[in-house]
């Protein structure tokens, strides 16, 4: 029986990479991928250490992506990597994706897809000729309530769209931008690495993608106002865009990296002739549905009233916020550390003593109630 | 080099089990466990199918837990399962945990630990004699902001505790309880399977555990008022408990399964002489810190102002709600389905076309701005 | 034509009284009362100054309540005060209310009604014999969404009530209670002035009243756990009460004055067989309606979907929070100060300059749009 | 002693006017105004009925504003109206305000100030020549937390402003706009009555005013995109504006009347180099203060940490939302109706029975506690 699991290779995502954690966990979440090898870092020490941590066969760890593409292409079809996951700086996405697509690998690539539109169009052409799967990881589109919003709009629940607003506000660059040295040294503001844009490329593109996705229609034209804040800063860090959608409706896309103190405030509102829908990423389990004549309705994941597309993205019953996976993950890690005698800090996981106390609580509570609601002591 | 990974066996958690999904994802989240085998279901078809989905060596899949304990105990120390994860109905926790502890396996066990307090005490004794790790999966204790709350209280941020309230409200049993047939047939209300309690054992024990954990002190005595609602229902489904803590302070534990329409509303508030802290599980990224003379402070995960214990439980920068792992997991699954030609529904993952559009948005926005904020069309 | 306005007398509520402000504004809000006179303070200077501020005929201002009752009783029926408003310390409510009731005045009295239950019963007897109107100002019952909640429950929207929780948490006494001198000197903790209770009498009674009101049924019995925190403090400052309602359902009333940092957190939740309702005083415009099978519904004042009783308590269209009256009041006061040349601080009210700017904004925005979305300068 | 009270005349605000209620209550809220007379409606029946309800001397009620201005101007300075309050349709603001200003009356005028910018400038000139007070009732500026936000920004709490967003979203016109007959007949969309704009003039101007107020600086230039939605609708109902502030910073003003289901969603966010502030009108008691390195701070009215300007606008202790005045007002009205035997519906005000029950609750709770936490029955 052929495995349902896909053999996956990583480009980037070494032990020192934040985005690497996210991709590694996501890849194993549904038992659909097996990480085989790759180039985890241009730093060969990190590259190797990451592979060892993942328990990989080191013969599948490569010095660079060209070597990887060449060697893997020559392997047996039962053995070779089927898909690659590209997590490198923006300017490397294009050459890497191009090489792997040309050699017949499916590609999962971080955004933005490339540095220029022409590069993106070229990738699209190769992908289509070779009939491969290509995903750009606009992660936020994976939330159950984004899926629900998309479906509700496509099913005409809010009628004809008459106004749209998509927003992505962060504040992190504020700590950098006002210091001349820092703003010169960050790679985000270096056009050679980041291309023609900082804010648009990093987060504006998420707001744009979310808008086209949930509306199920294209942005037809835009009028943009970009702000670099300092004359010696070559890239935008704050953006307001007027948009005109395919159906003629108007609205805005706004994104900024100087909303001081804001974390990751991505939100989208779509106003239709029969109602409106709003969602925000920092509280992703709530979808707000407004109408003229009924109370505000707040939809949450996992309920039968959601569409199949949304329910497919929910793994636990209603009321368990998606993050519960992370909570359980923390507990499992704590247990692993204790078993391996690495660390055993109170608070990392609930021990048998907590289990004993729980049982005592249950028995004593039943006893208190049975005896006419009297006080009962706990002593375990 | 010995693997950092722990060889893990499952008892329960077959393909048809919700809680199984949670444990499997959590186990792999930090690359610290490798699932080796076990008894995934008493239904042998599900047992086998689960093992195949996990890509396991079928020789490590057993018909029952006794066989598993026996065979695994006899294996090489480099090969045998090191820890077992018990996800079976409540009344089976005790015999299973006892067997594996006696044979030298670490145990991760779902709550409640057992059916009676005596069983729990017996397990604690064996665990301590054999010097093993034993975790009871009170999942909610794994949240970064619960860890933060626990640490802040232990570090005297809110002073002497002077009132406590821990609450766990659900509504799911309402759909069952008012129908005589249904309330007779659900295993939750069957004392033979569930022991002496429904609501206390299922969720009250979480509220109790959370209270002792975050306060860093024991509940000294309790006075309980239980409600079965119907005379022919033998178990509590609604509970109010007065508590007296070790330091003499007063408060309540309340839990119910008849709060119609509520999902999973676990919350804890601790009031001290210098301030108060409150947290709720349905919005787990927010910790509220109240004082008399300053504005309400809202703490969120991942910021440098958090304690190390909290930061250790956060995997991504501030503003990325923990559930983002789940969102990315959904995308990876969609890609896997597309690669395997199983399914390819629009909305399951962002394709290269979305990447192309993103690049066009960036270039055209920069162009609009450069030309004095004029309209520019998008046509890719 | 007889005036619709009721001639009202005040006992207490002088210029130094916070609660006085609330009653005076409420009395005039719907043009149904005319304040005629009274005893505004036992301090005769404050008494007189208040009357002058109110523009009253000083012959209707009295030295004490006995004099007031005597003189007013003797006046012409067209002229004499019809109703009195009692805003004095708790222990004075009873003798004052008794005196005025006996003399045929309607009474509006702050809570708690009296110091003992016997006093309260006596007042009820007199009121009923004399066929007078008597209101106890449980202010919170006046909110439109409390009225809506009450009506929805009486109309069986949530079915049979199966659990109730009413809560009133404040933190103000925390700043006093830990200091021996302060806790000895505050009148709230002095049994001679406050009676047998501090927390119960001050706020617990609101939580109790709200519970009986919205449920439309009585509390049948209670089991209470009171906390004085210090041995030398004679009165409760923290309370947990188990309740049994008339229909047998269970629940809690909790109130405290040591929830450090909390302001005025009154909330009520009622769980029924068909759904649940929840409301909290600090965000009084939201009523939450939970059911098993539909999204959470959030009701707000002023919408046609509300009951008549609720709509009757809403003065402006939906979306104007009730506090808008206060905002407008602040502006009017600023204007008055400017006219009287008392004060004219920027920010107290919007001047004609703001009006001019507003007009320029409108004209220039229309101009920008008309010319193809170009930049237009504002220069007024 | 001259009265502190200002003699006020109304133009508009008859019994059938919603905005009239707001102005009448605000005027009396601080005992600073006495309503003397005016022209409450062009419908003479309503005009008179309103005056009678207010208990006014009918000789001060006029047929039209010209008559009113003429007669009042001739009265004794001790007797004549000092200030007028103009609450008529937009196109009448200018001639009325002009007439009263010319005759030496202070003016309180609803927004928008006029139909054209030229009219507004003319009013400003007259007002300044005659040295009168002129207020435009941008009501929302009266909220304590708007005052707090304004002051914090002027005191450099958030540093140099680097981005601004002001928003006013409503949905009410959606029910009208899609029906050809309705959109032709509403006065809001009739240029002869409303001038050159609907959405900008009605609500956009509030968003604009709020922006200039809280930032303490002017908008320098704008680029606007207006939407009429239908070709036969002559006025804007949806607006997006790019702004450039005096200090060069960028941002947006957005206002719409087609955000279906939204009520009155006015909000303002100001992002500075040291932090950010955000406020929204539908939850006016919360001011959000974001910084890079500390937890989010939530400021609320009435606390000592607020500025004097803010505290001056707060009438009750912290935790009493401003709307409590309205709640108390509802109770007073209910009592008035009962006294006048007009109506006496349960739920309109708490009666003595509720007071008795409250006393019983207190006594019985103390008794339960004193006897070791036993059940005690309530029977009053």
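Order of writing sets the chain letters: A, B, C and D. Residues in each chain are counted from 1.
The rule is simple: a residue touches a chain if its C-beta (ideal position, glycine included) is under 8 Å from a C-beta of that chain, and two chains touch if they have at least 3 such contacts.
These numbers were taken from a predicted model, which means no experiment stands behind them.
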**OP:** Quickly list, by label, the chains bordering both chain B and chain C.
**Re:** A, D
**OP:** Decide which interface, A-B or A-D, involves more C-beta pairs in contact, and give its chain pair.
**Re:** A-B
Subject >> Length of the line joining the C-alpha centres of chain B and chain D, rounded to whole Å >> reply: 48
Original post:
In whole angstrom, what separates the CA-based centres of chain A and chain B?
Top reply: 21
**OP:** Averaging only over C-alpha atoms, locate the centres of chain A and chain D and give their separation in whole Å.
**Re:** 43
Subject >> Per-residue multi-chain contacts in chain A, two or more chains >> reply: 172, 223, 225, 242, 262, 289, 296, 300, 373, 375
**OP:** If every chain is a node and every touching pair an edge, decide which shape results: line, ring, star, complete or other.
**Re:** complete
**OP:** Within their complex, state which residues of chain D touch chain A.
**Re:** 158, 162-163, 165, 171-172, 174-175, 178, 223, 225, 227, 229, 238, 240, 242, 249-252, 254, 256, 258-262, 269, 271-276, 289-292, 296, 373, 375
**OP:** Under the touch definition given earlier, write down the residues of chain A that touch chain C in their complex.
**Re:** 223, 242, 289, 293-300, 303-305, 373
